[in-house]
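In the two assemblies presented below, chain A is common to both, partnered first by chain B and then by chain C.
The block that comes next holds the complex of A and B.
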């Protein structure tokens, strides 16, 4: 029974992975990748790791893939075009290296198979949320905290990379994803009826765009 | 008969190889990004398999950290992709082969 389930989910994962590479439309690739994530979550459940399975579905199939699909839709991605390969002379070397890789992988798997690691038949609490949580907050507290710093850096980096500053005329088309604020929010001398906007991020850049003096503090409104 | 540890390792190797092949042959930058996610997941499967078979929770904590790194990578990577698209109106990596212009 477990063998049948393993074959089912492993086949699903490999099939979806091949579809991910073979598709030319990035949106179909994203959907295939979600299939890989779901089947891997099922394999995690079979490995008695329900917490990781839940996190896999929530974080990967939920958050990250929503972000990817959002960007695909935002950028209106066209189909990938076929181009002539410039590295055709490397094909023989690739075949040889692939054979070496397969041999290495086969050796490692044979070695592991020989070591008689028996799957747990009795009920184990290794994968339960409580055991993961207690390990995470005692022995592995420092990596956990460093992880939070990493996430903070990612947030700041993503904001810095994706920002864009430009003064736009009234009625102009705006690039999707840019933040547009009305001009009078930044300069009191502009009347409220002025419909011009500013694509901006942060007050200093706005001061630069509007050519305001350096000591002009935009956060103070007198 | 139950699935052995080596089965999971073989599956993980296959998925990782498909991810590597995807990174090499794909030209769309978002598709390459998704292939990198596939490689991270293949490694995660290895960690969970070892953790389960040796009854040690450390492997699953590694998976936790890898998922965090993947989330950070998704945020920063997609920010870079949006910046590249604004500059070049293209997502083809061959169009972004020069860093400066």
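The block that comes next holds the complex of A and C.
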């Protein structure tokens, strides 16, 4: 029974992991990654570590991947074109490393001495919430707190990067809705069939964005 | 696999079937109750034609949903478009297995059984985890429909749920500190002292209010229903959905209301504890179990009524108000609640010697 469940979830995890790298659509990749996380959580449950499983789902599948999906949706990333891999020389190295990994696993399975006495009952309590909590807040208190400071640094760094450099004057109102204008209106070298747009609040701003000369006559183009 | 294991599995399946049937029936009648109560608030009659006083309206609605044409938008991402309502409904239903509906009860011909489907060490974290997966249903529905309004609705729902999940989780930490466990059954049994009246709401009033507000936001109900704001976004993330797929979203919303109410009842209102029931009927008897389950359902139905009441009386937030309220008010207050609870708990423990 347990072996069947293990094969099911391990197979699911591996399948999702392969789909994650094979998919061209970033959203499909994100969904595959969620599948990997949830299968891993199921495996943790089978290893008698329910707390880690729950945290895996809450933190990775429930928070981080929501943000990833959110960003993909917000930027509306299109399907990536199939193109030649730029990894070239890394491919043989990857194959060699994968072979080493498989060899290691085979070595462990075949040559390491297996004890014939199987445990009759799982009496370990290391995976339980209470033991994890007491370990985190007594024995590993300092590493735990240092990790949280690390996260705080990351937040401060992100805020520093995202901070607006120019101060917005208090009287300025936000222009309701930026204009989206076709690119060929502003650049003659762009063919009319090109549907790309420029987002801006006014034509001067568009000219500034495209670095066009000031005497560029917009009216001569029909 | 021996005989007792098989019997155990069969019992679990029966329990799941009964629980799901009861819950789905209550959910169906919540929809009817919502329409009737809203009509009462707005001085109308509401649906009262099908059956006695509209009692068969939910089934008429279901029949209508099944018979409607199922329209799929041309340029939608088909696989995800079909997957999204399934994720939403499944995540809503999956949390149902951990709630204790009643105490251990001796039932004629079967023996003493606990009136809950599953019991494990991290039940509360399981509920939070599965609920947080539910947001994908809404977000993916918005993205795959290939519709601006749907996309906006999906984005809004994910932003809103991320923001309020924090306050929701933090509001529960006070309860966890008081109970010292994540096991929902132990939390309920802790509240059965004082003749079944030691409800955590008396010890955690602030946490209860924060939880209630955050839970309404999590379920996308009025006044936090921005993901499906009719006046701005047509119908939000489910604009392009029709027939049974729309019904699944509809169902998921009401099941979510139900599970959130069950969690509020379990954690704050004493779960299945009915005051003085244990003194009258005695622990473990069939009648005690029956009264406890009825008490539990009554408390849940009170919360459902509260939801409908709020919908009838409150206007909708604006999006910046929503974000400011969540991040700048609810989150600091939740942290303050944790701080207060910890301080009082330490003072209490140092005076009484132990917990």
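To be clear about the criterion, the second predicted complex is superposed on the first by the 126 of 222 C-alpha atoms of A that agree within 3 Å, B and C clash if a C-alpha of one lies under 4 Å from a C-alpha of the other, contacts with A are read in each partner's own complex, and residues count from 1 in each chain.
Quick note on the criterion: a contact is a pair of C-beta atoms (placed from the backbone, for glycine too) under 8 Å apart; a residue touches a chain by one contact, two chains touch by 3 or more.
All values reported here derive from a predicted model rather than from experimental measurement.
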item: Combined model on chain A: chain C and chain B, fit or clash; value: fit
item: First (chain B), second (chain C), both or neither touched by A:55; value: both
item: Partner chain in contact with A:74 - chain B first, chain C second, else both or neither; value: both
item: Chain B versus chain C as contact partner of A:42, first or second or both or neither; value: neither
item: First, second, both or neither for A:63, with chain B first and chain C second; value: both
item: Residues of chain A touched, compared between chain B and chain C (which is higher); value: B
item: Least C-alpha distance (whole Å) that remains between chain C and chain B when both complexes are overlaid; value: 13
item: Touching both chain C and chain B, counted on chain A across the two superposed complexes; value: 51, 55, 63, 67, 74
item: Residues on chain A engaged by chain C in the complex (per definition of touch); value: 1, 27-28, 31, 34, 38, 41, 50-51, 53-55, 57-58, 61-63, 66-67, 69-70, 73-74, 76, 128-129
item: Complex interface listing, chain B residues touching chain A; value: 1-11, 13-15, 17-19, 21-22, 25-28, 30-31, 33-35, 37-38, 41, 44-45, 48-49, 51-58, 60-61, 63-65, 67-76, 78-83, 85-86, 91-92, 94
item: For the chain C and chain A complex, residues of the former touching the latter; value: 1, 77, 80, 120-122, 125-126, 128-133, 135-136, 139-140, 142-143, 151, 154-155, 158-159, 161-162, 165, 182
item: Chain A residues touching chain B - in the complex, by the definition given at the top; value: 2-3, 6, 10, 13-14, 17-18, 20-21, 23, 26, 29-30, 33, 36-37, 40, 43-44, 46-49, 51-52, 55-56, 59-60, 63-64, 67-68, 71-72, 74-75, 77, 80-81, 83, 101, 105, 108-110, 112-113, 117-120, 124, 126-127, 131-132, 135-136, 140, 143, 147, 150-151, 153-155, 157-162, 164, 175, 177
